[in-house]
Amino acid sequence: MAFVPSARSQALQQQLTEFMTTRVLPNEARWLAENHRLNGHGDWQRWQLLPELQALKQEAREQGLWNLFLPDAELGAGLTTLEYAPLAEIMGHSLLAPELFNCNAPDTGNMEVLYHFGSPEQQARWLTPLLAGTLRSVFCMTEPEVASSDATNMAATIERDGDELVLNGHKWWSTGLGHPDAGIAIFMGLCDPDAERHRRHAMVLVPLDTPGVTIERMLTACGDYDAPYGHGQVRFDQVRVPADHLIKGWGEGFAIAQGRLGPGRIHHCMRCLGAAERSLALMIERGQQRSAFGRPLLKLGGNLEKVAEARIAIEQARLLTLQAAWKIDNHGVRAAMTDIAAIKVVAPRVLQQVVEMAIQLHGGAGLCQDHPLMGFYAQARALRLADGPDEVHLASVAKLELKRRGQS
Amino acid sequence: MAFVPSARSQALQQQLTEFMTTRVLPNEARWLAENHRLNGHGDWQRWQLLPELQALKQEAREQGLWNLFLPDAELGAGLTTLEYAPLAEIMGHSLLAPELFNCNAPDTGNMEVLYHFGSPEQQARWLTPLLAGTLRSVFCMTEPEVASSDATNMAATIERDGDELVLNGHKWWSTGLGHPDAGIAIFMGLCDPDAERHRRHAMVLVPLDTPGVTIERMLTACGDYDAPYGHGQVRFDQVRVPADHLIKGWGEGFAIAQGRLGPGRIHHCMRCLGAAERSLALMIERGQQRSAFGRPLLKLGGNLEKVAEARIAIEQARLLTLQAAWKIDNHGVRAAMTDIAAIKVVAPRVLQQVVEMAIQLHGGAGLCQDHPLMGFYAQARALRLADGPDEVHLASVAKLELKRRGQS
Amino acid sequence: MAFVPSARSQALQQQLTEFMTTRVLPNEARWLAENHRLNGHGDWQRWQLLPELQALKQEAREQGLWNLFLPDAELGAGLTTLEYAPLAEIMGHSLLAPELFNCNAPDTGNMEVLYHFGSPEQQARWLTPLLAGTLRSVFCMTEPEVASSDATNMAATIERDGDELVLNGHKWWSTGLGHPDAGIAIFMGLCDPDAERHRRHAMVLVPLDTPGVTIERMLTACGDYDAPYGHGQVRFDQVRVPADHLIKGWGEGFAIAQGRLGPGRIHHCMRCLGAAERSLALMIERGQQRSAFGRPLLKLGGNLEKVAEARIAIEQARLLTLQAAWKIDNHGVRAAMTDIAAIKVVAPRVLQQVVEMAIQLHGGAGLCQDHPLMGFYAQARALRLADGPDEVHLASVAKLELKRRGQS
Amino acid sequence: MAFVPSARSQALQQQLTEFMTTRVLPNEARWLAENHRLNGHGDWQRWQLLPELQALKQEAREQGLWNLFLPDAELGAGLTTLEYAPLAEIMGHSLLAPELFNCNAPDTGNMEVLYHFGSPEQQARWLTPLLAGTLRSVFCMTEPEVASSDATNMAATIERDGDELVLNGHKWWSTGLGHPDAGIAIFMGLCDPDAERHRRHAMVLVPLDTPGVTIERMLTACGDYDAPYGHGQVRFDQVRVPADHLIKGWGEGFAIAQGRLGPGRIHHCMRCLGAAERSLALMIERGQQRSAFGRPLLKLGGNLEKVAEARIAIEQARLLTLQAAWKIDNHGVRAAMTDIAAIKVVAPRVLQQVVEMAIQLHGGAGLCQDHPLMGFYAQARALRLADGPDEVHLASVAKLELKRRGQS
C-alpha cells in the first residue's frame, strides 16, 4: 500500500482486528437479536442498553482502543486522519462496533467541535463525560419543513436576550436522541439573517432537559428505529440557555460545521467501506456454502463477476478516501475539498452496490434481521442524504472542477 | 392504449380510482401512522387490525370492488387477466389497498389454487371464507436451510400414513402468517423424491391450529414486520392432516405452483407499477413544493431527466406486463413464459429505480415512516427475491431464447 | 402479439423476411467488403454504387417490396404506421437493406414532406423520381457553428428577392450528400426572425447543382464515411431558387419538421430494433460457436444473463415503439408526443447496449469490418444525437409529464 | 498527492506538459486532418508518415523526452513504473503523442521483451534501432479462428528443424503492421503442446520480409484503420528463421507474455486516463462555449453532474493504477496481480464513460474527424478486448479474491 500507515496505526489495526474477530463478530448475531427483542419498538423511552455491550466497552477502554478518532494525544490517540482511517474501516465491519470504542457518530463530530472550539467550561462539563463514554450527544441541524440541502433554508433561530440565548426551531434526524444516556445537543440556528451568507448561523449547546425542548418522536430509517440510538424529531420552543452555551462565536456556525465535516467524512466513508468489505465477505461465504442447480451459488451466472466488481469498487473508493485523509493532514481541509465531496458520493454508493449484491445472493435471509446486511443498506442509503444529498456534493465537485480551470 | 381494456374493465378502473382517490389516499398517512403505533413491534400475537380499514373493506365489498382478481364471474368479477391488470395497478398505489378489495397476496394466489384445483369440500371449507374476507391464508414454500431458488433443494416432506398425511419441514417467508385472521396454510413438500423432477412435490392444506405447527417468529423485511401481516417462520413437526387435504393429486405440487404463477405474476408486477406511478407522483409533488438554491428541487440538476427516465421505464414495463397478460388470456401461460419471466425481473426493478429517485428527492423524509416510499422499496426489494431471484428468471429468459432458435 | 398487425402487413413481413433471408443476409458480408474496397476512402466524388445491389433493388421493386413506408395506397403501399413498423424492423437487420426497398432515410422523410406538403409541380419534378429510386435527396438542417439542439440557434437564412428566394447558410450532417444520385436538398432556414418562435422558419427545395451550393467535405461518423451515402458539410452562398421552390408556405418550416418527425421516428426506431435483434442473433451464434476454458463463450460468466437482458430490453422498446405508432394512427402525432420522444431515447440506447454486448462477445472480430456490429454501433450512437440529443427528448418527456399533471 | 512522484519524475512531467501544450496540442487538429487526407484509406502500402511529425520526434529526442518508459538508465530514462506512470498519462492526451516520444505500443512492450530477455545479438539487431525510433515492430499473438481470451486455444505452431525454426499460423490485430517502418515481429506459437499449460508456448523474432510472411490486410478498429500504424492480419506459412531468433527459451512464451504485461498495463491504463482527462477538458470547453435555450450547454440538465462523475471516476482509476505501479516497483508483479487485472477493466471503462459523455455534449461534432473523441472511444473500446476481454480480468480478480480467503 502506498498510503503507508505508521507503525502506530498498524499496531492499532492489528489490535483492533483482533478485538473485532474475537470479541465482536462472534457475538454480533446474538446481540443484534437481543437488541431487536428488547428495543424493537418505537417507544424510545423504554429503550435500554445491552449490559453485555457495556461491559465490553469497558474492556475496549482498558485495552486503549478508546477515542482513537481524537487527534489529541492525551485525550485521544493522537492519530492523524490517515492513521485513523483504517481503524474506522475496521470498526465499520459491525454496526455495533463504533460505540464500543467510543467512536460513534455523531458523538465523534460533537467531541471534535468541543475539542476545537469549546470553552474550557464547555469542555469540562461536556467533553469530559463524552470522552469517558458516560454521556451521549446529538446534533440538531436538519429541519422537517425545508429542503435542508440548502443551508440558507434553515428556519431555526437563536436570539440574544440579556445573558441568555433564546432558541426556537423544529429539528429532525437528530441521531442518538433516543439513547438512554443522551444529555446534550448542539443546536444550529440563524442568529444574524442579514449577515453575509456564511456568517448567519450560530451553534449553541443545549442540555436536553432544558425547558422547552420536546422530543416528539423517533423516525424510522429504512424501516428501523436504530434503537437504542434513534433518529429524533425535536421541538425547541422558547428554549433559554445561558449565553456561555454559545460555541466559538456569534455567526460562527457555518465555519464550525465546515471544520466538523472534513475528518468526519473520512470516518463515515471508511466505516462504509468496512461495511462493504464485511458484506463482500458475507456474500462470498454464503455463495460458497449454499448450492443450487448443482453448483455453489457463487459459481452461477455472473456472480463471480459481481465479486470482482465489488472488490474493484471498494479498492478505488478506499484509495480516494485515503487520499482525502492524506490531503487533510498534509494540506488542510480546503485543499481536500474535491476529494471530500467525492468520497461522500462514492463511499455510500459503493456500500449500497455491494450490499445490494450481497442481499441478492443471500435470498430472503438477506432481507431480514438475521444478517447485518439490511442495516448496512440503511447506513448507505441514509448517508446518501445525511450531510447533504449526493446531488449537492456532485455539484461541489463540478464547481471546483470549473474553478480549477478558471471558469465558473 | 393498444391493449385496449374492455368497457367493463374501464368502468371498474374508474370506480376503483374514485374509491382510491376519495377514500384511501387521503387517509393513508393517518392509517400508516396508526398501524405503526399499534403494530410497530415484533410481538405478532398482539397485532390487530385497524377498525377503520375493516369498515372500509365492507364498503368496497358493497360497491362490488371485491375479488376482482378471480376469473370466475360468479365468485369473482369474471375478468380476464388483461382486464384485471389495470385494476391491480390502481390498487398498487397504496400498500393498504389490496386488502381492502380482498385482492391481497398471497390470498389471491391461494384462492386461485383452491378455485382451480380444490375439491368441493376444500372449496366449501376454505375458499368460501377466503372470498368473504373473513379468513386469511399463507403459502409455505421457501425454506431457511437451503437455496430455494432451486426447487429440488426443498427438504420438507409429505408422507402418507393410512388416511393421513404426515408433514415435516421448516418454512419461512410465509407472508400473512402473523395476521389475526390467518387460519390456513398451503404447504409444499417432497412427496416422491425419486419421481421425475417435476412430479416430486405435493401441496397440502394445513389448518394453522393443527398440532405440530409452530410459528417460531416473524421476519423483518427491509427493517419492517409488515404488521399485521408479517412474514413468518414456521416449523411443521410430524403434522398430521386427513388425506383429503391434499390438493389436486400426489406429485402435482410443481404443476400447481406453475399454474399459480402466471396470473399471480401479472398481479404482483402491476401492483409494482402502481407503486412506481405513485412514487413518481410523490417525487414530482415534493420536487415542486420544496426549493433549494432559489429553484424548486425538480428543476435542479438532472432531476427532470430522472422524471423522464421514470416515465419511460414505467411505460415500457407496463406494456410488457400487459403483453404477458394478453398472451396468457389468448395463448395460455406456456406461450407467455418469456414475458412472465421478463416482467418478474423488470417490474420490481423499475419500482426500485423509481422509488430510489423519489427517496433521494424527498431527503430524510423519504427514509422514514411519514411516506410510503420505504414500503415501496421493501416491496420491490423483496419481490426481486420472492418467487425466485432475478437471476433465475433471467436464466429462464435466456434458456427460452436459445430454445426458440433451436439451440440450447 | 397484441398490437396485432393486419393480414396485409403480416403477408409483407413474411415476404420481406424471405427476401432478407435468401437474398440479402447471405451476401451481406461480401457486399460490405466490396463496398469497403471500392468506397473506403474520403474522396466522395469517386464513390460508386455496387452494381449487384442496384440489380437487387430492381428485383425488390418487381416483388412489390417498394416504397412500403408511404401511406398512399397508389404511390406506396398504403400501410398505416403500425403496419409498416414491423417491416422497418425487418429491414433494420442489415444496414444495406433499407435502400434496396427504397425506404432509406432521409429519402423517406423527404418523400413524406413532398407527399404531404409539396405542390403538384414539386411532386412531379422530385417526388416521382424519388419514388422511382432514381434520385436521392438530402435534408439540410443541422449547422456546424451552433448547438442545433435548440432550433432557435439556427443561423441559415431564406430571403425573398422578387420571384426568387435567396439562401445563405452552412449546414452539415446532410446524410446522403455523397451519393452519386443525390440531386435535391430540402434546406431549412430562418425566414422571419421576428415571428412567433414556431413561425420563423421555412423549407425550400434546392437542386444540388444550383450555383452557390458548395459541398465542402464528407464527415466520418464513428470513423466511417458511410459511403456511398456520406454525411456532407455544405455551404449555401447567395443561392437563388425560384419562389415556387418554397415548401408549403412562409414560416411553415417548423410545422413541416414536426410532421416529418412522427412516422420518421417510428422508422428509425424500428430499424434500430431490427439491428438490435440482428446483433443479439450474432452474439448468440458466436457465443455458441467459439469456446474458451472448455465451454462455449455463451455459457461463461454472466453471458446468458446478458442475452436475457438484451431480449427484455428489445421487447420493451418494441412495444413502446408500436404503441407510439398505434397512437399516431389512431389519435394523431400530438397524442403520441410522449411516446415519440421516449422511443427516440430508448431505441438507440437499446441498440447501443445490445451491440456493445455483442461486440464484447465477438472479441476483436466485433470491432472490425468483418461484422456489421460497428456499423450498428455507429447507427445507435449517431441517432442518439441526430434529430435532437437524448437530453432534449428526455426534457420533452418530463415537460409533458408535468403538463399532464397541470404543473410546469 | 500521496503516491508522491520523485523530483526527477516531476521535472519530466513539467517538461513533457510544456512540450504537449506548446508543440503537440495546438497542431493536433491539423495533423489529424492531414493524416486523414493522406492515409484515410485501406491501401496500407501507400500509407506515409507526416514529415512534420517526424521532425518533431527528433526534437523530442533532443530534449531527452525519449524512451522514458524503459527502466534502464542508459538506454532509457531509468524511471520506476510509478515515476513513468504520470508521464504516460500526459502522453495519453493525444493519440499522436506516444510515438513522438518513442513510447508507442506495441513497440514499448516489444522493446521491454528484448531488453529483459533478448540475447546480445537480438538486442544489437533489433533493440538498438527500435530505441532509435528507426524501426517499428509488431506483436503477433491473437488469432482470427479461435477465442484468444483462452491462451490454450492458440493454434499457431513453432517447430524445430535443425538449426531453423519453422513457424505456421494465422494472426490478426498485429498493431503497427501497416507502418512504413515496420520490420520485425514477435511471433507467439505452440512449441510443446504436451507440456504443462504454461510451458507450451514460445516467442520467436521474425523479420517481416522473411519468405512465407504474408500480410493479408489491415483491419478497421471502430471504423478506422489507425493509419499509418494499422492493425494487420498476417499469415505465416512455413516461415523459417534461424534458431537463435527464439526469445529466452523453448516453452518460455507464456512467462515472457506475463512479464510483458505488468508495466505495459500501467502504460495502457495511464494513457487511457490521459485521454479521459483530455475528453473531460474538451467537454467542459465545449459546454461553456455553446449555448442552447439561453444557457451554456454545461449548465443544462444533469451536465454538471456528469462532469463531477467524470472527475470522480478518473480520480479513482488513477489512484488504483498508481497503486498497481507502486506495488510492481516495491513488491513485484505477482503482488500486484489483483490491481493489474482491476485497472485493465477500470481504465478503459472510465475512458469509455467519459468520452461517451463528451461526445454527447459535442453533438454531431463529437462523432466526426474534427475531434479526437471518436479516436479515444476506439482506444477504450479496443482495449476492453485487447490483452484479454474485461470478463477474463474480472474472473482473475474474483479468483484472487477467493484464493486470498483460502477458498477457490
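For clarity, chains are labelled A, B, C and D in written order, and residue numbers in each chain start from 1.
One rule holds in what follows: a contact is a pair of C-beta atoms (placed from the backbone, for glycine too) under 8 Å apart; a residue touches a chain by one contact, two chains touch by 3 or more.
For clarity, every value in this text was computed on a predicted model and none was experimentally measured.
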Touching chain B and chain C alike: which chains?
A, D
Suppose chain centres are the mean of their C-alpha atoms. Which chain sits farthest from chain A?
C
Report, in whole Å, the distance between the mean C-alpha point of chain A and the mean C-alpha point of chain D.
43
In whole angstrom, the CA-centroid distance of chain C from chain D equals 36
Could you put a whole-Å number on the gap between the CA centroids of chain A and chain C?
53
At which residue positions does chain D touch at least two other chains?
301, 304-305, 391, 394-395
Across the complex, what residues on chain B touch chain D?
301-302, 304-305
Would you mind writing out the residues of chain C in touch with chain B in their complex?
1-3, 281, 284, 288, 298, 304-305, 307-309, 311-312, 315-317, 319-320, 322-323, 326, 338-339, 342, 345-346, 391, 393-399, 401-402, 405, 407
Complex contact set, residues of chain C against chain D:
36-37, 40-42, 142, 144, 146-150, 153, 172-173, 219-224, 231, 290-293, 297, 300-301, 303, 359-360, 363-370, 374, 377-378, 381-382, 384-386, 389-391, 394-395
